[in-house]
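Submitted below is the structure of interest, expressed as structure tokens.
Every chain is named by a letter (A, B, C and D) in the order it is written, and numbering of its residues begins at 1.
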Amino acid sequence: MAGYKENEMMAIRAGRFIKDGDVVFVGTGLSMLAAMAGKRIYAPNAILFFETGGIDPSLEEIPMCVSDLRVMYGSSLNSGLIESFSIVGHKKLRTIAFLGAAQIDRYGNLNTTCIGNYLKPKVRFPGSGGACDVAALASGFIVFMQHEKRRFVEKLDYLTSVGWYKGWDSRIKLGLKRGGVIAVVTNLCVMKFDEITKEMYLAEYYPGVSIEKIVENTGIQIDVSRAIETTPPTDEELRILREEVDPQRLILGKK
Amino acid sequence: MAGYKENEMMAIRAGRFIKDGDVVFVGTGLSMLAAMAGKRIYAPNAILFFETGGIDPSLEEIPMCVSDLRVMYGSSLNSGLIESFSIVGHKKLRTIAFLGAAQIDRYGNLNTTCIGNYLKPKVRFPGSGGACDVAALASGFIVFMQHEKRRFVEKLDYLTSVGWYKGWDSRIKLGLKRGGVIAVVTNLCVMKFDEITKEMYLAEYYPGVSIEKIVENTGIQIDVSRAIETTPPTDEELRILREEVDPQRLILGKK
Amino acid sequence: MSEHNGLTQKFTTLEEAVKKFIKSGSIVAIGGFTVSRNPMALAYEIIRQGIRDLHIVCHSHGQALDVLIGAGCVKRLEIAYGGNGRYAPTCVRFRKAIERGEIEFEDYSNYQMSLRFLAGALGIPFIPTKSGLGSDILTKEGFSPQTRREKNVARKKLVVLQNPFTEEEDPIVLLPALTPDVTILHAQYVGEDGTVRIKGLTFADIEQAKAANAVIVTCEEIVSRAFIRSDPDQNCLPPFFVDAIVKVPYGAHPTACFGFYDYDPKHLNYYRKVAEDDTEFKKYLDEWVYGLSSHTQYLEKVGIQTLIKLKASPVTGYAIGLERK
Amino acid sequence: MSEHNGLTQKFTTLEEAVKKFIKSGSIVAIGGFTVSRNPMALAYEIIRQGIRDLHIVCHSHGQALDVLIGAGCVKRLEIAYGGNGRYAPTCVRFRKAIERGEIEFEDYSNYQMSLRFLAGALGIPFIPTKSGLGSDILTKEGFSPQTRREKNVARKKLVVLQNPFTEEEDPIVLLPALTPDVTILHAQYVGEDGTVRIKGLTFADIEQAKAANAVIVTCEEIVSRAFIRSDPDQNCLPPFFVDAIVKVPYGAHPTACFGFYDYDPKHLNYYRKVAEDDTEFKKYLDEWVYGLSSHTQYLEKVGIQTLIKLKASPVTGYAIGLERK
């Protein structure tokens, strides 16, 4: 088990953000792997739930999307969207979410809507889905990004989901009284946000990845002075991810 | 079956207002009798429902209140208050309701809250319950009143539920785009409301009741020029009410 | 928090649950409706613990509310209806307390109060409705300016606003969200994992629970995790909305619990009678609340013969042919 | 209307239901979510009848939406998400239509769209939320001023308002209610009385149905009145909210129906591929929609072997071990 794939590192690193007792909003793909692995490895009392209304299902097989029948079996509750989003923002819960994006800016704001002009875009993406909602309402969220220069931008083509908005206390001034973006997990590294300015900085680089490579692939200037190497996936983490979470490698893909 | 009680006349006369296909909001007491009799006699396709969330229950025994377990058996749907009141105001349904009151004014506005000063009342009643809501939102409502002088007043001590408000088109101007009070069914007569001025007038007097007696027992001046005699309960109406609706005479009381 | 076996650690006793979550001054929402599924065992325990100055928020409430008011636990009330149907068209202690000026109160309607709980459950600060226009619910306030400044009390009773989505005149009532400190409710089933299932009508229990900062649930039966999760479509609340769970069979007596037992007409009639007289009512409390140290003692006092009469038919969910006058 | 035997007269055919309730220009809400419980048979029938200029309102939609867009039935769209999960991260015909400027569209989020349906269901003109503040959902509009003046279209995309219940700065987004002309949905069970029961997640189907002026339901099974009313707690819609009912087994294929069949991964993958090419996509429509005159023919084309593979386990509600790559 010496080697591991990029997406395995990403899922495991992201999963480490889940704390026991967290109520975790789960999306498709890597987010599903991270949440399922995180619960199994670090946070047995975490509750996974889906925007479609499935609360704490047994997840014996990995769902391919959030409306997959596999989020309806063995659940505590099968409900609907209204119920789910009211959980996301519930004051008595620590809710965290995983989101993906096509573009991200230095304050962790996300674009999942389009590239180019909104009305006649060069490329159209699916849209917000629940991303705008959980970015606004959850206690915090973590972003998955493919680490490419064009995805880390000074100005988003469309601001779908609010992270730290314009930095400093601008998120709170918007009227969003809690939450914000906790970290960005890419295929090269982990970015976090300065506590005061809320600007993105390099927090961790994966084993074998140089800081130069990260800087080269990031379209915005970032502080790298605080970077440390990420603890590599342990054998146990890899075993659970591969054998328990996605044994069919439906999301992990070929070895 | 020649004789009948006042409350039998009231229940049957009120029940005659139910049209086939109506969706009927049912309260306690006489309202329950009228709705159950009306459906059985004149409007087999009427749907009876309860503010508590019981939609079209079988009502094999008569409920003593709207949260009675008897409104939960054999229903189409067991839901809750939010669902029920959203039915009351639903634009595609003709919803009618039966309400009782302690006081009524000439425009059919109702008081079920208190006599005297609101903050330190002489007599306190239960309050609106769903009355204010259905008066505002239903396609129309019918009022049951004990016919006493002090109950028909120029000015309500507290306006709980809006009928025709201040007459003419004042109800619509309030912002209530449909509905209003259809009739008042008392132990002596039936009052209706002028199509233009929305003022209460005597529409029907029960067999054996004189117009003088009605006027004497009404605390406001009413037009009696349009009054006709009510068709007395038929044997079939009485049979259904007595034998099918309330065979235990839980609400009808002693013969 | 070591719940990774999928079983909750929230099971406790009536005494502990009330002690931990309900304080003098708490804003409390009560589950059920008039004579159905009132959390009576919890209400009795609140009285026994001598908790005072409660601020109760409810739609249509009957027995639990009335006994709490009668025992002097309630300082303030937001309410749509205080009654027990045919068993008390107006609840007696509620009526007396208002007529005597003993509690601060404010009237809304049932839909308004349910919508306020819904807004609390959705985490939104207010919710619109057309209900109330023209009514004295809009014009007559009961709370003092000081009360309005208290923590967790709405700053205004309601607000009328022109609908900003139309140019026509279209006034809308905005109702402030309710976020009780505690919601107490009685359910039929709770799973060993803490999942709650209510059978029959849910009234506004689910909205009340989600709107609250803490939730205490009493239940007729604790069932296995596997059972409650074999049909998640039927469940009402996931474990993380519930803070304390107590198994209390007949915990709603003398009110009804669908599928388990009917309301107790004799008890309710007796209650209405004694509630009319202060001395008699004091005796009732001594006999039925203070004089009993547990719900088991209470049930012994109710008596097995009565419980058998009230037992619900498995077919209809109520006691067929029960003498209900 | 002669329904006093308790049985509904609303049972009809796909052809009649669509003909009666869906017109060119109708505002239509679609039940289901991405690859679950899409009313596919109804979508195919809409295409076959050549209905044009639909205005679709939805939260997260996938297969039914995409095939309707691809067949040219859609003029206008209010949407939160156009995707099929792993089977099409962005729905292909949806993407192309927007990139080519073929449809008028406007973006909201999932919660926003669900709340808009809820507002429609409650009969209130708008509903508040905090979601959207700071997002381009607030700043970028897609509808023209002419569109905004059309019947049943919201006059404004949304409105930001200061919370009137606090003196602190507290901006709130007000979302306009949605009241579709028609909602189409697929359910597992409908009773002979017209009562609808959905198993598994309900998404926003119930809100969508209650918000609409007319509702068409397809279902896997018609069950007796006695059966559906033996546990009314499980039902979702009473008969009076439903206008047409059609029994269509496998009516959601290639999307999933909890307890009955899983989504069809091969079909969805094949669809994504052909959707990329205009000519191939036209052939797909000819083959799978225009070339078939009934849903039975459609199922014959899917083939019994596939249907058996997709069959849900009675234990889990999905097809255990299905090849899903």
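Just so it is clear, a contact is a pair of C-beta atoms (placed from the backbone, for glycine too) under 8 Å apart; a residue touches a chain by one contact, two chains touch by 3 or more.
What you see is a predicted model; the values in this text were computed from it and never measured.
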| item | value |
| --- | --- |
| Centroid distance [mean C-alpha coordinates] between chain D and chain C, Å | 37 |
| Inter-chain centre distance, chain A versus chain D - centres from mean C-alpha coordinates, in Å | 28 |
| Mean-CA-position distance for chain B and chain A (Å) | 57 |
| Residue list for chain A, restricted to those that touch at least two other chains | 72, 74, 78, 82, 89, 137 |
| Contacts with 2+ other chains: residues of chain D | 115, 122-123, 130, 170, 172, 200, 233 |
| Graph class of chain-chain contacts, one of line, ring, star, complete, other | other |
| Touching pairs among all chains present in the structure | A-C, A-D, B-C, B-D, C-D |
| Residue ranges of chain B in contact with chain D within the complex | 20-21, 23, 44-45, 47, 55-58, 72, 74-78, 82, 86-87, 89-93, 137 |
| Chain B contact footprint on chain C (complex, rising order) | 32-36, 59-60, 79-87, 89-91, 94-95, 98-99, 101, 107-112, 114-115, 118, 130-137, 140, 142, 169-172, 200-207, 256, 258, 262-263, 265, 312, 316-318, 320-321, 324-325 |
| Chain D-touching residues of chain C, taken from the complex the two chains share | 115, 122-130, 154-156, 159, 161, 163-167, 170, 172, 174, 176, 199-200, 233-234 |
| Residues of chain A defined as touching chain D within the complex | 28-29, 51-54, 60-61, 64-74, 78-82, 85, 88-89, 109, 113-114, 118-133, 136-137, 158-162, 165, 171, 173-176, 248, 250-251 |
| Contact set on chain C toward chain A in their complex | 1-4, 121-123, 179, 191, 193, 195, 210, 213-214, 228-229, 232-233, 235-241 |
